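Here chain A shows up in two complexes: once beside chain B, once beside chain C.
Then we have the complex of A and B:
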């Protein structure tokens, strides 16, 4: 394929990614140093109803000649970042309480950071382990049963994340079936959605439940490609089942374990839907949720685009850290190919 | 030798069996429970005893339920529908012989599927089954067959779909997903094809950039354009959501389609070009007919992304233009009574049902799509 046809074929997709991914990234970068808001003025208005009149104060956007809302858009430097990172508050907390993790977490950003990182790294080993176990089990199943089991397994993965977390939430709310069962066994009242740690546990459980099928499908497909002769040879040499797994199967599917790890890190780092589904925003906070929260209309009808951009930029630092090892590997391979 | 090597010992067999049963239960239970709760009156849906939730004594008493005959009919219809789907290619060929046009016969087949669904579930399962129930009621020994066994009410579904006008949200979701799937496939197949046929430096950089973009949180992309969309009156318009979702989906789409195109030997395009095709003709007339399985699989994943999205829709749409998933959350937040709660459960069940059907029918494609990206890429 010559260069011209290649360019014509890739142009629409390339344009799409430039205009709607790359340019927004630059915009976010610039916005994070700006403060943008509608100008509001406080108006006193008399409101009358059958019981008499009273004056109330309202915040009303100022309109220009054309009737559009007037906006301010000023350069504020690092102000947005300072507003999120709150170094002064952090300093005083550290001064008063020492390096106490729970005190530091009273600042939203550090709470979100802590949760996002623990969430990403705690779920990972569980997903890999359960996915692997499941793949080994299904691999040894009767052929007739494989289809239905794979069907059931795919469901948690395919289901809308928000709905999936809702369906688990409904099992655990006040008089949900699992809470009733636990109360019956433990003979005491349980309120899962009143404590931060129990919600966090549920959120972790949900993600493991949701992602294990993905790991399973990849590992199961990889198991079909393991060389049977090598396993037989190992068997003849006296390797038991565990040793065959450890020294032949695992090294063979290692690239795929890396692949699943990478995809899981990317996806888990974006954790967001669970917080919506479980209604956990009062207790938990993730980096992407913070951005979303700044972008929503707040009670006074304004959006904090600048702060949302600053959180986005901070979030992306994490993405870069996750991607560095991958990119280094890709570039090394490309170099070897050239030589 | 072979049999001895790969057969499990009895204890391992037991472990495998128990793990599979346990996992199936954990995987299925929350979803199944949503369906069971949605067809019961609130008092049964949140009963402490699981048996009461499943059988629903209060629902039975107040509304009625499904008899043995109903259950048989239900299983039978699902079986028929599934069988019909399994032999879809056979029927496709038959229709194609009559019409001689692939697109028309495909559309005809889709119409037949929808018609069969309506006949089975809106006529066969309700009117015919109730008719039989009424007859069996008067036959002494067979009376037991028509006695309601499991409490069943559709009132929450009716409330959600007609009173709360959930169909508006359904249509919005349908438009958004349709837009996202068509645009990302059109744009993606062209790029995926070119990338699979080129080993140039530009192709390499494009793929690496796509990989990096794949990792970005979706909120970042919304942050960049939210202000502009609001200023130019695109807020609340579906086109804005469609464009953003296509962009979010693009990196994944081109990676997946590229690996599908890699499976088609390059000799084919060369042969086509020797026969006088230009590159576009070669792509459209020679390669694409072989690519449909890959396109369908990628389309499935685009569909899932658009259908499952919460973040972009919640930020860019509101009120009447909202899609189903964010709408249900608003629903859920204002819930005050138990009936409202069960209604939102019914809404959740309505959102889940299409996905159930999707997995049932496209299991093979989903598995192949998931493994394609990893094994080849």
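Then we have the complex of A and C:
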């Protein structure tokens, strides 16, 4: 293919990437070094409401001749990052308490980081394992049953995460059906949403339940491409079921296991729907939830765009770091193939 | 022929429905109008009367305050009318999103009382329709059975809760709107004002003191008598706990009082009674804040639309309409007597509870409180660390907004 044809073919997608990925990313990066503020002035005004009149002195936004607020963007360097990472506070905590996790977690960012990382790495092996088990089971089913079973297995993945977590929440919160049943069986009072560990367990369980079908579908498709002759040859040579899986099937579908790992790491590191859906923000805190919280409007109608941008950048850096080992593996394999 | 007949009769019946509902409204509305308000009962009473005039689509949304500033800020505004509370009014007012109403009141607002007019430097910027406050709800039958007096201080609330817990008549003696975020922040604000008068020293938050410490201690003591899932418990949750007979006492919004006697939902009709919010200190003012809810008209709409919206709002706020559902809220109107379910709000105001000190600073602090307090209540942080964190987070947030 000559250079011109190549350029013509790739131009549209390249432009798309610039517009929808590079520019927004740069804007977030830019914003993370700024405070976005209204220009404020101090006014004294007399205010009367149903509870009486009083004179109040307040800082309020300056309005221009059209009656709109004027926003300014102030360069503040690393201030937003400092306000999130709080290195000085971290230092003094370590000085006073040593490397105690529970003390360090009094800073929001490290609490969020702790949860995000454990969430990502605990759910990953379960998703891979259950996805593989399901794929193998379905692969061995009668052909007549395969269709309906695949459909039912996919259901958890089809449900929107927020809706799914809300419905699971209602099964457990207060006198939900499952909680009532557990209380009846165990004959004791259970409050799942009262302790950090029980909520965390529920959140982990939910994510595994929700994403396993994705791994399952990919693995199941991959199993269809396994060479039947090789399996039969191994069978003739006396390899048992486990050996056939270990030495023929798994190496064959390895690239797709890496693919599912990659997608799951990226997805799980951005966890936040579960925290919103379960109303777990009193107990758990994730990096993306911090961004969401900074972006929420408060009663005065303002939000913290600077710190939200900074947490977004930090989340992205985190994702890149955890993906490096996986990506290196992919590159190495590509290289080996070329040679 | 038969089909045609059916078609005619369907059309006829529809137009009959249309006709009969239009009769309830004297001034039919011909400008397409919309509104954004909160979703509690009082707003249903007001907006459903307005709907009778036609051409009007209300949006009732419990999370309206997440939308209101952005919605009114667009040009033209997304809504022709908005419902505000004492606190969201500050947001839209300071952002210059609402219009003065004096001209419209002179033309169409003859029925309004002076204490409904919310004025800034003499200009009417909002019309208040009701007051609201969190005050004591209690199960009279349980209190009588166990011989408990209605508590007037929080120490008495704790004592009563102990007696009820020992008697084991309900699942949990207390309910509370302790949901993480705005609700929990409001609980702190209420309790703190029972001990102190102000949250600020100039522009700085000043809650890291003995009053803040007492407030935290008291909130934690209360949670010991609540459903352990209190961090998920909002006003609707507490209302349902009452209706299902699971709790015996709570400090709940006056706008929820009417629902206690709603026979369709409640199993405790006639058993829940109301009193002033308890005080934090003996002989002190009630630990609660007074709120008002009302309407504003956006700046970013045409004058014709604004006039039509105001006329329509006057239909909703007509004393005859409000008087038909006095139990829905403590309406601001001299035209009728308040319903028995409003007595709690009236008493809380009479005993001298403070109005919510709405300002940009207060919104910032309120947001910080809602996020920081859960760690203290769950035992993950000490009271001292919590108070320090409240002030530190406030400084960070207020600096980013340019308030400091």
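In this text, the second predicted complex is superposed on the first by the 280 of 339 C-alpha atoms of A that agree within 3 Å, B and C clash if a C-alpha of one lies under 4 Å from a C-alpha of the other, contacts with A are read in each partner's own complex, and residues count from 1 in each chain.
Definition applied: a contact is a pair of C-beta atoms (placed from the backbone, for glycine too) under 8 Å apart; a residue touches a chain by one contact, two chains touch by 3 or more.
None of these values were measured; they are calculated from a predicted model.
Q: In the superposed arrangement, which partner chain does A:334 touch: chain B (first), chain C (second), both, or neither?
A: Once the two structures are laid over each other on A, A:334 reaches chain B alone.
Q: Report for A:281: first if it touches chain B alone, second if chain C alone, otherwise both or neither.
A: second
Q: Which of the two partners, first being chain B and second being chain C, lies in contact with A:296: first, second, both, or neither?
A: both
Q: Which of the two partners, first being chain B and second being chain C, lies in contact with A:198: first, second, both, or neither?
A: Neither: A:198 stays clear of chain B and chain C.
Q: Of the partners chain B and chain C, which touch A:133 in the superposed model: first, second, both, neither?
A: So A:133 only meets chain B here.
Q: Applying the document's definition of touch, where does A:35 land relative to chain B and chain C: first, second, both, or neither?
A: The second partner, chain C, only.
Q: Which touches a greater number of chain A residues, chain B or chain C?
A: Touching more of chain A: B.
Q: Pick one for A:261: touches chain B only (first), chain C only (second), both, or neither.
A: neither
Q: May I ask you to decide whether A:160 touches chain B, chain C, both, or neither, giving the answer as first, second, both or neither?
A: First partner only.
Q: Just to be sure I follow: which residues of chain A are touched by chain B in one complex and then by chain C in the other one?
A: Correct list for chain A: 279, 296.
Q: Show which residues of chain A lie in contact with chain B when the two form their complex.
A: By the definition above, chain A touches chain B via 1, 3, 5-6, 9-10, 12-14, 16-17, 19-21, 23-28, 31, 36, 133-134, 137-138, 140-141, 145, 147, 149-156, 158-164, 166-168, 170-171, 175-177, 180-181, 184, 209, 213-214, 217-218, 221-222, 225, 231-232, 235, 241, 256, 259-260, 266, 269-270, 272-273, 276, 279, 287-288, 291-292, 295-296, 303, 305, 308-309, 312, 315-316, 319, 322-323, 326-327, 330, 334.
Q: Quick check: in the complex, which residue numbers of chain A touch chain C?
A: Per the stated touch rule, the residues are 35, 37-40, 45-52, 56, 58-61, 63, 67-69, 80, 83, 102, 105-106, 173-174, 191-194, 196, 279, 281-283, 293, 296-302, 304, 306-307.
Q: Of all residues in chain C, which touch chain A in the complex?
A: Touch residues, chain C against chain A: 65-66, 68-70, 86-88, 90-92, 94-96, 115-122, 128, 131, 179-182, 203, 227-232, 237, 290, 292, 299, 332, 349, 355, 358-364, 366-367, 371, 374-375, 377-378, 380-381, 385, 389, 396-397, 399-403.
Q: Inside the complex, what are the residues of chain B that reach chain A?
A: 1-2, 5, 8, 12, 16, 19-20, 23-24, 26-31, 33-34, 37, 46, 48-50, 53, 186-188, 190-191, 193-195, 197-198, 200, 202-204, 206, 208-228, 243-244, 246-248, 250-251, 254, 279-280, 283, 304, 307-308, 310-311, 314-315, 325, 328-329, 332-333, 345, 348, 351-352, 355-356, 358-360, 363, 366-367, 370-371, 374-375
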